[in-house]
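Please find the structures below.
Both complexes shown next keep chain A, but they swap its partner, so chain B is in the first and chain C is in the second.
Let's turn to the complex of A and B:
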């Protein structure tokens, strides 16, 4: 294990330990914000897999989030199933949908992929609002019950917090395993130079579909957890606010870098709440921070760090 | 004996312009064949049609007798035909080693599950790929850039990276599109020596190049293109002495 790997592992252990103790020292209000920060971070990291690594700007993440929420809620409320099988169903349904939407969309140009995924999210919103028989329309499904685990009701905010934390750690583990494998390297290679990838024998579609399906499944599960924390799912779960927040996290963190996006996700999700001290101005301040960040760090935080590392490396090589 | 590569009656037009107009030639294993010709004579289009990056309008391309036309570019690569590009192509943000490993990844017996779970089979394949990458990096004189992102290298160095990437999986045929354009003269001699050495080890090369000294010194056989057609073909000496070649290049009638 190299030194940077050791630092990485130590950082993860410390961060998880701190997060485990967080509910003991803070209010339900803070714990609630952390739950949303976790589900948002998973959604942002999943978007990073498709967009940052795969080079595919996908607006379908919003649809996957909403479908995950509705699927889990309907499974519990209408089919009488458990929350857990609902989550698994949401993951599976989203993966299938991602392949069904992605396969034809990937035959088009990269730009067209953006439009197709955008249309998919808009369409999903219409279904949620207008298919009243299935989704209850604009009223949605309120009063979602607390999930039960081994006979215990996860009724408190704290217990949902630990569920969300466990999901965060597991999801990031899966994503980390992918992006640090050959598969992640191949995705980055295709993003940087697809014709060269073809000349190296890479068939691009399976790689991109895989990334799209994994990100869809994880985003769907994050949506499922989110609606059971809110105890309601209605068409506002498909509001553009969500995808906008995740995109900001990916761009500020540095598209195509793993930890940059994770850290940006956790920080940016909490930031609007931190800024509540001046309620009228908070979104203005948030916007100002964003503008400054984009101007100062066009490649995101991780991109900025990478450039500094390259500059140092160049200097060392030139001296040698 | 079945030729390693046979091209018969290859044709490709763009909006009425016949870029490639009935080109035929053959290559045998262990040869170094050069393609020369003025700009716009159809050299790169021919390579693109052979390697599946463009679809030919007509003609037949076979490798060891097996037809290639119906295959996608990546399938042709996996069949053992690697290529480089006229405009240098590398993975700018990946390190030099990662560039070479990426070129090799589709050529070992590991699958996606091996990749995700880092099985012993994957680790074995990885360590032999790393060893091969190290050999090629040393051969190219790029040792100190081993862990540097390729984006920081010079144009000539990137050409070398593209070349050694194509060599990674020990392909049956390597097509090089202008491998020494923009590379300094000392380096060109080194590349020449290296390619000769690789040929002695069994590799086969088809090389498009404008640098006449390079082509004449290195190639066993030279094919001359002009206006989408094969003008002539022969040993470097014979081609050099051919009056038509001079005319095609310089527009002068002897």
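Let's turn to the complex of A and C:
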């Protein structure tokens, strides 16, 4: 294990330990914000896998989030299943949908992938709003029951907090394993130079579909947890606001930088609540940040720091 | 249900009207895509701004339609100019994703800024014509719709004239057909790109201003139309203006027919279903040139 790996591991252990103690020292309001911050961070990190590593700007994450929420809720309310099987079902359904949507969308080029995934999200929204027989339409499904774990009801905000913290740690573990594996390196290589990858005999589509399916499954589970925290799912779970927030987290954190996006996700999900802006003003500020960040810091804050480090290294080497 | 000829004609006329609006939006989007190779997410908000300028100019000018429309178009042209020089000109070539993110940021600022300033409550706008109109047989069409359709058709004629009969438009077509070759023969990419953005913005502003007295004016109005316009440019073939215009007209009529005979959900979903079908069968679009597969 190199020095930076040791630092990384120490940072993760300390952060998790602090987060485990958070509910003991703060109010339910803060704990509630933290739950949303965790699900958002998983969604942003999953988007980072597709966009940051895979080079595919996917707007379908919004649909996966909403489908995950609806699937889990409907499984519990209408089919009488448990929350946990509902989550697993949401993950599986999303992975299948990701492949079904991704395969035709990847046929032409990256431009059409963007539009097809966007259309998929809008279609999902229309289904949620207009297919009243299945989704109850605009009223949604209120009064979702608390999930049960080994006979105990996870009724308090605190218990949902620990559930979503465990989910955060597990999902980030999966994503970290993927991005540091050969698959992650192949994705990055294809993003940087696809023709070169092709010349080495790498077929890009299976790698991209894999990343897309994994991110869809994780985002769906995050959506499932989020709606059971809110105790209601309605078409507003498919508001464009969510994908905009995740994209900003990925951009600010640095697309293709694992910890940068995680930190940006946690901070940016919590910050507006702390600053107490009105929703409109927050989105105006988010939009302005997005424009400035993309124009001035194309690699995100983490990328900017990395560039500076490389520049410093270079200067030292030249001096020597 | 027996199909009544008057009912069908009414649906077709409504659809044609809707289709002209779609075509205006999609034509601008296709023009910007063709010349700058970017997808403009702020396009819907440009329409919204056109509608809001119209909504404020109309009462200020005592409900006179044409002067208010002129104000809205001027404001749109100015907005397009600022959009290009302030933001789009700073993007480099092949910055497809970044262009989406930047225009999405601009769209958020415009959309939520408008909601913050004027609230999300829809505005009603009245014109000098009120609800007066002309009657075709037993069908009555309000003047605002007739004029909107007339202006849209004039805009297309004007667009055709610019693109095919002026040097300035030929340069635009040249860049969208072959960028490198156009640069080699001395076309200046910056001014061509700026012209394209300004024309697209004015088309969009026209659509918004024409919609203002017909529909409710609200901040969110552009977003959904934009998403449909995306589907349209995929159906028509990315960058193909005639494809986008044709697809827009066809979708307007199709939606109106579907809305007249089926459940409302199918009306909204129709465009996306057609888009998915086109992508599977003919991924380069109905009017697009066959492209090289890259992925």
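Following the convention adopted for this analysis, the second predicted complex is superposed on the first by the 294 of 320 C-alpha atoms of A that agree within 3 Å, B and C clash if a C-alpha of one lies under 4 Å from a C-alpha of the other, contacts with A are read in each partner's own complex, and residues count from 1 in each chain.
Following the convention adopted for this analysis, a residue touches a chain if its C-beta (ideal position, glycine included) is under 8 Å from a C-beta of that chain, and two chains touch if they have at least 3 such contacts.
Just so it is clear, the structure is predicted and the values come from calculations on it, not from any experiment.
When the shared chain is aligned, no partner comes close enough to touch A:96: not chain B, not chain C.
By the document's definition of touching, of the two partners only chain B reaches A:314; chain C does not. Touched residues of chain A, counted separately for chain B and chain C, are more numerous for C. Of the two partner chains placed by superposition, only chain B is touched by A:189; chain C is not. In the superposed model, A:130 lies in contact with chain C only, and not with chain B. After overlaying the two complexes on the shared chain, residue contacts for A:104 are found with chain C alone; chain B is out of touch. By the document's definition of touching, neither partner reaches A:139: not chain B, not chain C.
Looking at the shared chain after the overlay, A:181 reaches chain B, while chain C stays out of its contact range.
In the superposed pair of complexes, A:201 makes contact with chain B only, with no contact to chain C.
Chain A residues 204 lie at the interface with chain B in one structure and with chain C in the other. Listed in rising order, the residues of chain C touching chain A in the complex are 39, 87, 90-91, 96-98, 100-102, 104-109, 111-113, 115-116, 223, 227, 230-231, 233-234, 238, 263-265, 268-269, 272, 275-276, 279-280, 283-284, 291, 293-295. On the side of chain A, the complex with chain B involves touching residues 177-178, 181-183, 185-186, 188-189, 192-193, 195-204, 210, 256, 310, 313-314, 317, 320. Considering their complex, residues 51, 57, 104-116, 118-119, 122-123, 126-127, 130-131, 194, 204-205, 208, 240, 244, 247, 251, 278-281, 283-284, 286-291, 294-295, 298 of chain A touch chain C. Touching chain A in their complex are the following residues of chain B: 51-53, 72-75, 77-78, 82-85, 89-94, 98, 101-103, 105-107, 112, 115-116, 118, 122, 144-145, 148-149, 151-152, 162, 165-166, 169.
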